[in-house]
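The same chain A turns up in both complexes below, where it pairs with chain B and then with chain C.
Now for the complex of A and B:
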């Protein structure tokens, strides 16, 4: 059968074929369900799991069908999100993974395709479980950065990786301070993920301070009178990211760039803790809304208004909304350029921003 | 004075050398004639004439040939028939020109009483070379074609002739050491070993005629540009392989590599190999050495030729396609002004892809510089493709400027992107490209304009350089002197009209002293300052061909593997087998 030949892989799936293959399950609701039920799951993993579920539900017989199904379902899934960049990292990774595993088995005839498919799905599940364990590995790699000599960790936004790192550091009896930078200046509701992580750290006996974003520069200046780096006050900025672009720029909830810029200015090292499955092969030339839109994100921060009323609904609690939305993987984001990033802490070790391209090329070629 | 001593030493050396050199010349010429078929001789003759032609009008010549070769490469084959046809055409043109020139030169000679006149040989080419040569041009000719003009220089200088100021120039840098070392000290390592400059006469016996042709093209810069040079090299090597027969008692996989090495070292003596050429050669040699020794010779040759073809298709043609598509997608539909420098086939392809295939409307600012004026070539290509009023791509505009106007252009033209071509991507992410690129990139970065580099992975190397001196090429210093093209904008119209007669009469008025006396004009005086730079002990001319742009001035690199930050260049080397 032609579809099992390597040439079949390269040809774009014909239109009628893609129309014929309708996913048996609704990937979008499956995805939402996953996000809702499992608080620890990340958008990329949830996207991969949704795709694998779609693959499992569909009785497929050819490689072309499989690839078509994958691409159509991932397109629908991505289109359903305001910010599909974190998801796209996952879906692309899975598609790439499946294509390479097909290429390695090109001699497979259609007769044993079902076994190949079963193996593939199994592998995909293994792949998911492996990526899930990334977070604890990152925490291990980040541990050396939190030294025992009164390190002060500044962090911003809610990130499960950062939570894992701080918890591990606290459990391994490091003594350090944490400054949470709060995007809004008001009080947080007690059930937000932000205050949850605060509570967890407090219960572990870690001194925690919360400062509004507006007070960050002032706070840094208070901790450290001059910009000189001294060993007595070891300050680091630790952030999570939703996705990492090919040049090492990090997409993270909005405000991260500002925080990074302030830290950079005060010669505080900026570290992004991020799982390597969040790396995506996109490369903007600039870091604005239009660049995000080119990558598929629907967001526009800048909205001019001509009357007072329009202000009411949008302005109220920008920070709180951003917080909530980012927990669903759908919040407003910004891009931190690689110049501001000292290192990325991944499960494969700590790498520079430049090395992201290296990891991606290794993955793709 | 040193200018006095210089002639005497040179005179001495030239009187001692003549017998051997002239012998070598004749025997070599015989060898060449023996080796080459009549058609190849045509090609060679054309090569000679092209060199001469280059002295008169370097720029347009460059464009046509380079373009044709590039086109030939892109269109898969630069067949012998095509080459021949093109060359014959050019030859005819040149003959016609020469006939008119000659008539004028006879007059000039008489008025200038050049001592070469009595030495004039009855045979065609030599006579032409001498009569065409006022001494400046002659100097150049000898640098490039020693076999043609050596007869003249072999003559011991006759005392009391007017040639005195240019006597040292008469002996060329390829033959005898000059009285004054004109090598710029801090780049002395970059000069080619003077004895081994490729020419027809010093070509070893085993050099294939097409290699010889290519060497002459490379040396005269009629074939310029990293991609076209590499294409030409591969096509020529294919011919060499086709013509090759394995000597008895040797294996093809063993002998062919050394045989090719000879050809290649001859080529590199004409002009140092570019990074892409080096990579291509390395690939080919590796392929040959891995051939199965039991393979039939014809089979092996067929395999190698098809491998070269697919290499060209994969690494140049298709890679160019992918890169131009990707780079074009970086250009917005409207409102962009794109800054480019010099000429790069990939940049041209990108711009045309964006304008033609993607229907984008943008402005192009072509920045150019002396001495090669490659930007004119690019501008011409863009205009020819229709980027002019009423043209096919009317929405696009082209602005041409020299690098001295770069600051102003960056401010006034509202540049949005800068796209640069490459000769090589170095291991530390730096860009190795035509001299001036670094300046453009730095200025663009200063103006916060994103700098995009387009380069095939063929041009990636693990070599590193932090400055432009460790890795570079020294071009012909005389190229800096010559600014006599009629289309140089600085020439005041009135002066050039006054001097027109004198210019023509002088066959390019290269005869130093005399010409200065009868044809005045400010620009000529400033020319003559540089013109006898070889006589001025403390005056050095340096024509560096390339420079290195540090990685921090580049934003992204587009290659056929995708879009990379400059820091990822070594990764591509690793993935691609590298060039170790």
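Now for the complex of A and C:
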């Protein structure tokens, strides 16, 4: 997963310069620190912030140096994660942004690099603060999907965007129902983000149901008849995503594809609420483990065993790893193909999955 | 108008009243006509709106486009509220607003270029992430302009080009172009602008040279263009007929509309094929029968249709099978394609069409018959179908149960006569607009290109 080479400014081979640049700041621990301290931060933003921190810490004098530093630090950062796809969306976006900024300024300010650099870092910070505001904009755009009195929202996994949408809808005094689909059949601990959002909605007077994933099909069959009595019942599936690929496929925590497929089968529209900085220029040829691995994710759900012993070992490590990883926002994911997605709700409005490619082109070129 | 009698309230009476009366009165009159559905149908509503806005623009005393925008918005909102389900009203209002904004920008560019000088880094990222509502095109032009100041006016094609059938490929072409163009080579950008904005470029540059003095004349001209487009659109759509109908095919169609009729006639001029026509009871079966038989309708509602009356398909040597709606599914397996007309196309490609179209489309899907939807560009609406029921329009109940059979109604809890409904984009295969065939996946872009982002919410 290396970044594509910049369009205008050719980067010299990194091995020549990387010796000269030793990142004084450990991006990986900086990233982990950010994720741990700020519960509302997303991996992409944390990655961008880490890179900007690395840029700030390093005394740089040339454009080439800056770009090389960026590309090496982002490679280090991405290599440290089990699932680097959401991060790569952020790091590549920042690199692209900086290259564009340089391209726009090559003629005029090449003499004074330090001021250019200062300006760049300042702008990068502005960039971060703007991307952070995306979530509340998405909530605004998603509001018309939740119609008063007739809507049942099905959601799966804990997503901060979905939280923001549901809270905004509840705060704007809409009355709707929420069904949380729980990946495990057991009770969640009371301090998990999952039950936190349940509690928030309950305190706002929104009826909430929690069903295990295994019971989803049955649940959908159960709600339909009673709701059909109102003239316009409205059942929607609302999911968050960690990344969106070039063909509009969404990468989200594992099970999302299953939930989407069930919803699609029941003619329930599937909406993914996602910030457009999560769009990444990767094109999946299929939607399995090997395709995620091609994008740099260290994940293999499908493992055959030949002995009982082996199974126990891997089972445990998988379970332990999954638990540890999901705490760091690095859990197992799957890809929901674009055919199952009715629309993506982004901060720039509601778009079809087909429009992702164009949005990416707009972001990049 | 030679007759002594004033025309019945409708498009004709509105048109007759328009030149003489004061503008406020015309606005009120159109609102009442729309409310009472004395003007209905996408084309009629679009025409009336365009005529009224032309009058509004010509009578408003405004020294600058900004005032005109608020005035048009104000009138537009009233019209949209009067006929919320006639989406073409809003479309035309947005188009006119777009034309005014175009003028406004031309004026601004004439005095002070609003582009960022090359010296400072634009504070926004390349892709305009947390987009303030700047149209995408403005983004491109502002970035390119730092390399060639003379070009900043060509960022968005002038409205004319869209109406005359110029494919609205601007953003893609710009962006793809910048992949291959090396940044240092951007000075020689004379090459790029013709590719980008086609025929509109010469006009846009000429406006830079002589800053417009009377912006209202330009806007009125743009509105006249819109009206012309409304008149020509179905003919333009029909122009693509030969690309879509092959010899000895069987084409399934539903209800009757001028655009489908023209489309089929155009194909009939060169090819022999079979048409299966479902009658669409109870709302337009009479019209459908009349169109197939070649008899002029005396239906009072359809002034325009009787104007634009076409000779029947049989006269052109086409085999026409007129069938009741109940036979749609049975005969669908024989068809090679389904061609229907849209009342409106929404931003995700969903189609508002005559009630019953969805049943037809679902039958087509079952038999894997491709569905082609004919939609003139003025029917493309930037709204998103949050609620499919919002687009179901209800008509005269008497057409379902006659008034004299009242006792039957009392036995029923409700009698409903839907006139239009929403067909989801999943079941449509291809759109044909005045710009040519558009795949459903690309429809969102074509819809977006019709309007300015600022005007999406009226």
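The criterion applied here is as follows: the second predicted complex is superposed on the first by the 318 of 365 C-alpha atoms of A that agree within 3 Å, B and C clash if a C-alpha of one lies under 4 Å from a C-alpha of the other, contacts with A are read in each partner's own complex, and residues count from 1 in each chain.
What we mean here is this: a contact is a pair of C-beta atoms (placed from the backbone, for glycine too) under 8 Å apart; a residue touches a chain by one contact, two chains touch by 3 or more.
Keep in mind it's a predicted model, so treat the numbers as computed, not measured.
Of the two partner chains placed by the overlay, chain B and chain C both lie in contact with A:354.
In the superposed three-chain model, the partner touching more residues of chain A is C, compared with the other of chain B and chain C.
Of the two partner chains placed around the shared chain by superposition, chain C is the only one that A:97 touches, whereas chain B remains out of contact. Legend: residue contacts after superposition of the two complexes on their common chain; A:255 is shown touching neither chain B nor chain C.
Residue contacts after overlaying the shared chain place A:157 against neither chain B nor chain C. Judged by the touch definition given at the top, the superposed model places A:84 against neither chain B nor chain C. Contacts of A:126 after superposition on the shared chain: chain C is touched, whereas chain B is not.
Of the two partner chains placed around the shared chain by superposition, chain B and chain C are both touched by A:362. When both complexes are overlaid on chain A, the residue A:183 reaches neither chain B nor chain C. On chain A, the surface patch touched by chain B in one complex and by chain C in the other comprises residues 352, 354-355, 358, 361-362, 364-365. Of all the residues in chain B, the ones that touch chain A in their complex are 330, 417, 450, 452, 555-556, 561-565, 567-568, 571-572, 575.
On the chain A side of its complex with chain B, the touching residues are 246-248, 281, 283, 285-286, 338, 352-355, 357-358, 361-362, 364-365.
Remark: chain A residues 7-8, 93, 96-97, 100-101, 103-109, 116, 119-120, 123, 126-127, 130-131, 133-134, 137, 144-145, 147, 231-232, 234, 276-277, 342-343, 347-352, 354-355, 358-359, 361-365 touch chain C in the complex. Of all residues in chain C, those touching chain A in their complex are 118-131, 136, 139, 143, 146, 171-172, 175-176, 178-179, 182-184, 347-349, 384, 386-389, 425, 441-442, 444-445, 456.
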